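Common to both upcoming complexes is chain A, partnered first by chain B, then by chain C.
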Partner chain A sequence: MAPKKDAKKPEPPKKAEPAPAPAPAPAPEAPPKPAAVDLSGVKVDFNQDQLEDYREAFGLFDRVGDSKVAYNQIADIMRALGQNPTNKEVTKILGNPTADEMANKRVDFEGFLPMLQFVVNSPNKATYDDYVEGLRVFDKEGNGTVMGAELRIVLSTLGEKMNETEIDALMQGQEDENGCVNYEAFVKHIMSV
Partner chain B sequence: HDCNNTLTLPQDEDIMDIPLDDPAANKAAAKIQAGFRGHMTRKKMKDDKPRDEKQREQK
Partner chain C sequence: MSVVNEFLFLDNDFKNSGVAQADWSTKKMVWIPSEREGFQSASIKEETGNEVVVELDNGKKVTVSKDEIQKMNPPKYNKVEDMAALTCLNEASVLHNIRERYFSGLIYTYSGLFCVVVNPYKLLPIYSEKITEMYKGKKRHEVPPHIYAVTDNAYRNMLQEREDQSILCTGESGAGKTENTKKVIQYLAVVASSHKGKRHHYSLTGELEKQLLQANPILEAFGNAKTIKNDNSSRFGKFIQINFDNTGYIVGANIETYLLETSWCIRQAKIERSFHIFYYMVTGAKDKMRDELLLEDFSNYRFLVAGHVQVQNQQDDEMFEETLEAMEVLGFNEEERIGMLKVCSTVLQLGNIEFKAEKNQEQASMPDNTAAQKVCHLQGINVTDFTKAILTPRFKVGGELVQKAQTKEQADFAIEALAKAMYDRLFRWILACVNKALDKTKRQGASFLGILDIAGFEIFEDNSFEQLCINYTNEKLQQLFNHTMFILEQEEYKKEGIEWNFIDFGLDLQPCIELIERPNNPPGILALLDEECWFPKATDVSFVEKLTNTHSSHCKFSKPKNLKEKAFFTVQHYAGKVDYNATSWLTKNMDPLNDNVTALLSNSSSAFVQDIWKDVDRVVGLETMAKMAKSDSAAPTASKSKKGMFRTVGQLYKESLGKLMTTLHNTQPNFVRCIIPNHEKRAGKIDAHLVLEQLRCNGVLEGIRICRQGFPNRIVFHEFRQRYEILAARAIPKGFMDGKQASTLMIKHLDSDPNLYRIGLSKIFFRTGVLAQLEEERDLKLTDIIIAFQAQARGFLSRKAFSKKQKQLTAMKVIQKNCAVYLTLKNWQWWRLFTKVKPLLQVTRQDEEMNQKEEELHKAKEIAQKSEAELKEITQKHNQVVEERNQLQAKLQEEAELYAESEEVRIRLEAKKQELEEVLHEIEARLEEEEERSQVFQQEKANLQQQLKVE
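Our next item is the complex of A and B:
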């Protein structure tokens, strides 16, 4: 397990300022690219139980044994911990890394926590209604169902496109004998875990 | 205006009205996909790891 390090970033970590400072603090060990998200300004605010849970999940993803995880695992760890960041959000949080950095750059638990906190803090979390209304757009007959085939196409062509494997996994058991998906039930299922 | 608009497509069902270039539609899709991906990762973790602590909820 990673030893608990008290040394965080060089800048003064917490100020009792209600308003955020206008000038973003430079990220300490970041490459010349401007940091898209200023993590040094994020106050990590998890309780001990949460930290234990997070540390354990984090450890599961460490396949090298250096108490770190690769950039390209960050999104999944966040998801494992109940968050639903978009890939774009994670990319921003990681400072728009190159493909090489995504695969090879590693971060330890202390470095991960502000990233997680940032996602936890982010507004516009999707609610049940958001999902349902988003899917209702494709409910042509207004009967509470969407065509599975149509949903698959939407998922693979819009937004952060999903591939066939992901879509198959997602849709497994969701289509009825007519290939229709009851999207309210679908969303409840999605949100249940 | 000239109504000779050859770019107007008939409202057929041959092509679904997928708003590929609509930023709002893409943003909505991305949000849904993010939720889906989150669900799938958690489901996979659950399936891979039948231990009890998975029942502890995150705040």
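Our next item is the complex of A and C:
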């Protein structure tokens, strides 16, 4: 759609990945703990360019004008900045807030940075092959496609269930005239941005 | 078809795909025993030592012992067609699977070698012609489970391997044995006669096929009754042997029956009925036939205890007609049919004979002999002789005949025994006739397919001799099954090249069978019973005492401890412990009929009655005995008195069973297990405990127990790989790899205990439960991947939304910039000047435009002038032409007038011509006349001249 613009934004986080190399040491200890994450131990390690980009992006999400964003926007910002955290990880980072807190609690950029850093330090390790393998399970015919309807059901009932709007946006233009989805192409498409 | 499909095929919805699995794997679902449902699902919460805390569906927490828990199968196995494929093989899972399938309308399910069928108690559209076609020639795994699939396989095996086949249907009363047997025959009648090329039409099935199908209504009319459990309960076992020639045609059939329960003739419970034929006859026989049969009202017959009990959806009079028609098809003639009904009427009438004990005397008397007279009339015997034979029969004592008066009890007993024996003889006579009709083709059968329809294992409150016989039979049949299974399993392992020593579980049953049938050293139950029958003073109690003494140490024998009664003993059958009550076993084992009556009947004035009783006088040798008296009693004692041979009911039964087993052993058996879902004859209801009990009795659970000893779950390599590759994705290199190699790598990668699996040549074998574990791992892995994928997808969506937001921002910035630029421009002098000057710039160009337009006008005018001139010219020419035309028109008119004139002249002339012609005609006529006249005159003249000459 707009590859030029996309390339501009997601890039910084990618650059960030090699950067935090010295940092991960303290952070990876945290994930196995089910309790809320101790963010005080996370060392923020982004360079100046990144910080600028992040701040700009962060600003885009501020709808009130107090230079803060709501808890329920955090996941979106992290994703916009190229990360792929699960919902569970995000709630964990936020200290398992209540639904009320999610909507009303706000955090400023300085508070947001260690959270982002934490996610950057423990990225989603699943690979293209993993996804393809996972979707192959639903490939009844063994011809490289799955039924779009089945994919919808899988995504809306398993794991971290997705809602209809999310799925509609995701599946847009993916189904062929028979309602089948070529899942390798699908995964590539999802991973392209 | 679609309507039908739901009764055969599983709806393959998404539930089976993995969505439902999430629940199973996260909740650790298991089965725990339940009062009401047999087993209920629960999820494990906590495990401590031997105790487990589980949470029920309703949220209640319960602590159960670890031993009580049975593992639940992953949802993948929901409603599987073959329960042997279940990875957790246990009672709970088997029950659950059968129940779930039953609720979905799927009544047939395989369990390894068994085909289990639950009585649907309603008509299902799965026996149509279309379905028959669907199953024709299909392999078992290609089509959903069905009795047709079992039959077709047996039939094809028979044709291809030239091996005789048998289909063994067992189950409780009301479980559907007879119905399924009928379906087998129906299927064969269609499939096996279509070889002639007369396919697609049921009506075209041959005469023999028709007779085969019609034999059933007759047997049912005479051998079935309504019981509490079953409106059409077969009160006998049967083995139908259908013979086929080399090309697969039916060439004949033979039916053997076992243990007809003749006691139904004389008493039934309140809502039960005696044999159908009595009701058909009393309702259906009309007018002359009714008189001839001396029939009375239902209420008059003492043997029909509850009068006319109706069967739902069945009209007895219509059934009577149908039965008679079926008899006609099978070649019974009028006389025979009446004879048969007379016997039935006699049996009923016998119940009305009443005896009284004489005062001060032991002897019985018959004050009113109306009923006896009717009996004798129907049977063609002398009433005085008959009364004597009952009241004061003669016995041989030490070589001399002695008359002995009977007590009332003895006389009553004799009458009941006679009624039973008479009915039994009739039944066997009918059977013999049916067999004769079915065996009339001369062609030699090449192989046969036998269908056994016999009662399954019985454990009642009170178990008598009949139960021992039935249970003994079932022990033997179960042994056959275990043995067959053992052979097949061994073959499979051998075929797959797997080293495994399978134990022959057929041997498990041997001790119990020996306990019953062993002739001596030490003698078994039947032999001991026979022995006791020899002793004049023996009683049922003495028999049990003897039994206890002989077998006290036998592992399958015991005495119930808490029972005071001495006539009880217990046998440990494979299906469970059964307490037998030996009361009146001695009489049951012997024939209670006295010779006086039988002799009388065999000398009846009716040829039919004689025929029925004729073998009484014959010397009955070993051979004929086994042939004619499959299950019964009358013949043996007759021979005993004559020849001193002692043949008991038990002995005969053992013999006929032995023969049956020999036959079955030489066939390839197919097992059908019928299950009654509830005792209320209700559709869609499963009484869990009742079903479990049957599964235990009919050997399904036993079969599963055997399965568990080996590696019951087998998956072909590519299936294994397809389903579980996700667990070991990295173990298999990209590109092609053959299934076995890949599976081997995978299983190694999974780090399974080598004792839990075996790798064969085409399949991988697993011990029970291993697959459940793999399923669980697969689920967890799958859920992980899905969650990661969802995170990735959410990232994708967020980034897209974000980039849109950014683009919007950029666009906004551009607009803002343009506005700002415009605002500064607006007040710039040069710009203002420009905007003022801009309209003036156009004036100079107006002249130029004018000239151009004028030129255009000129051109247009010229063209107009030219056109005008042309128009004038053409108008002129037009006028000229019009004038010319007018002139010509005038000329034409002139000519026309001239023409009219001359036409007038012509017409006038023609009229004149006609007038003249008429005149001419007239003149011509006159001329003719004149000529004629002149001729006449001439003639006259000539005559006159002649006269003149003569003169």
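One rule holds for everything that comes next: the second predicted complex is superposed on the first by the 156 of 193 C-alpha atoms of A that agree within 3 Å, B and C clash if a C-alpha of one lies under 4 Å from a C-alpha of the other, contacts with A are read in each partner's own complex, and residues count from 1 in each chain.
What we mean here is this: a residue touches a chain if its C-beta (ideal position, glycine included) is under 8 Å from a C-beta of that chain, and two chains touch if they have at least 3 such contacts.
Here the structure is a predicted model, which means the values were calculated and not measured.
Q: When the two structures are superposed on chain A, do chain B and chain C clash or fit side by side?
A: Verdict on chain A: clash between chain B and chain C.
Q: Could you say whether A:I153 touches chain B, chain C, both of them, or neither, answering first, second, both or neither?
A: Both partners, chain B and chain C.
Q: Per the contact definition in the header, classify A:I190: touching chain B only (first), chain C only (second), both, or neither.
A: both
Q: According to the stated criteria, A:D176 is in contact with first (chain B), second (chain C), both, or neither; which is it?
A: After superposing on A, A:D176 lies clear of both chain B and chain C.
Q: So, A:R79: does it touch chain B (first), chain C (second), both, or neither?
A: Touch status of A:R79: both partners.
Q: For A:R136, decide between first (touching chain B), second (touching chain C), both and neither.
A: Touch partner of A:R136: chain C, not chain B.
Q: Taking the superposition on A as described, I'd like to know which of chain B and chain C A:Q50 touches: first, second, both or neither.
A: first
Q: Where does A:D66 make contact in the superposed view: on chain B (first), on chain C (second), on both, or on neither?
A: A:D66 sits against neither chain B nor chain C.
Q: With the two structures fitted on A, what stretch of chain C runs into chain B, 129-137, 507-515, 795-803 or 831-839?
A: Here chain C runs into chain B along 795-803, and the other listed stretches stay clear.
Q: Would you mind listing the overlap between the chain B footprint and the chain C footprint on chain A?
A: The answer is residues 60, 75-76, 79-80, 82-88, 124, 126, 130-131, 134-135, 137, 150, 153-155, 157-160, 162, 166, 169-170, 190-191, 193 of chain A.
Q: So in the complex, the part of chain A that touches chain B is made up of which residues?
A: 47, 49-50, 53, 56, 60, 75-76, 79-89, 124, 126, 130-131, 134-135, 137, 150, 153-155, 157-162, 166, 169-170, 190-191, 193
Q: For the complex, give me every residue of chain A touching chain C.
A: Residues of chain A touching chain C: 1-2, 5-6, 8-10, 57, 60, 75-76, 79-80, 82-88, 124-126, 129-131, 133-138, 142, 150, 153-155, 157-160, 162, 166, 169-170, 187, 190-191, 193.
Q: Where on chain B does chain A make contact in their complex?
A: 16, 18-20, 25-43, 45-46, 49, 53, 56-59
Q: If you look only at chain C, which of its residues touch chain A in the complex?
A: Residue list for chain C touching chain A: 14, 17-19, 22, 722-723, 725-726, 729, 782-783, 785-807, 809-810.
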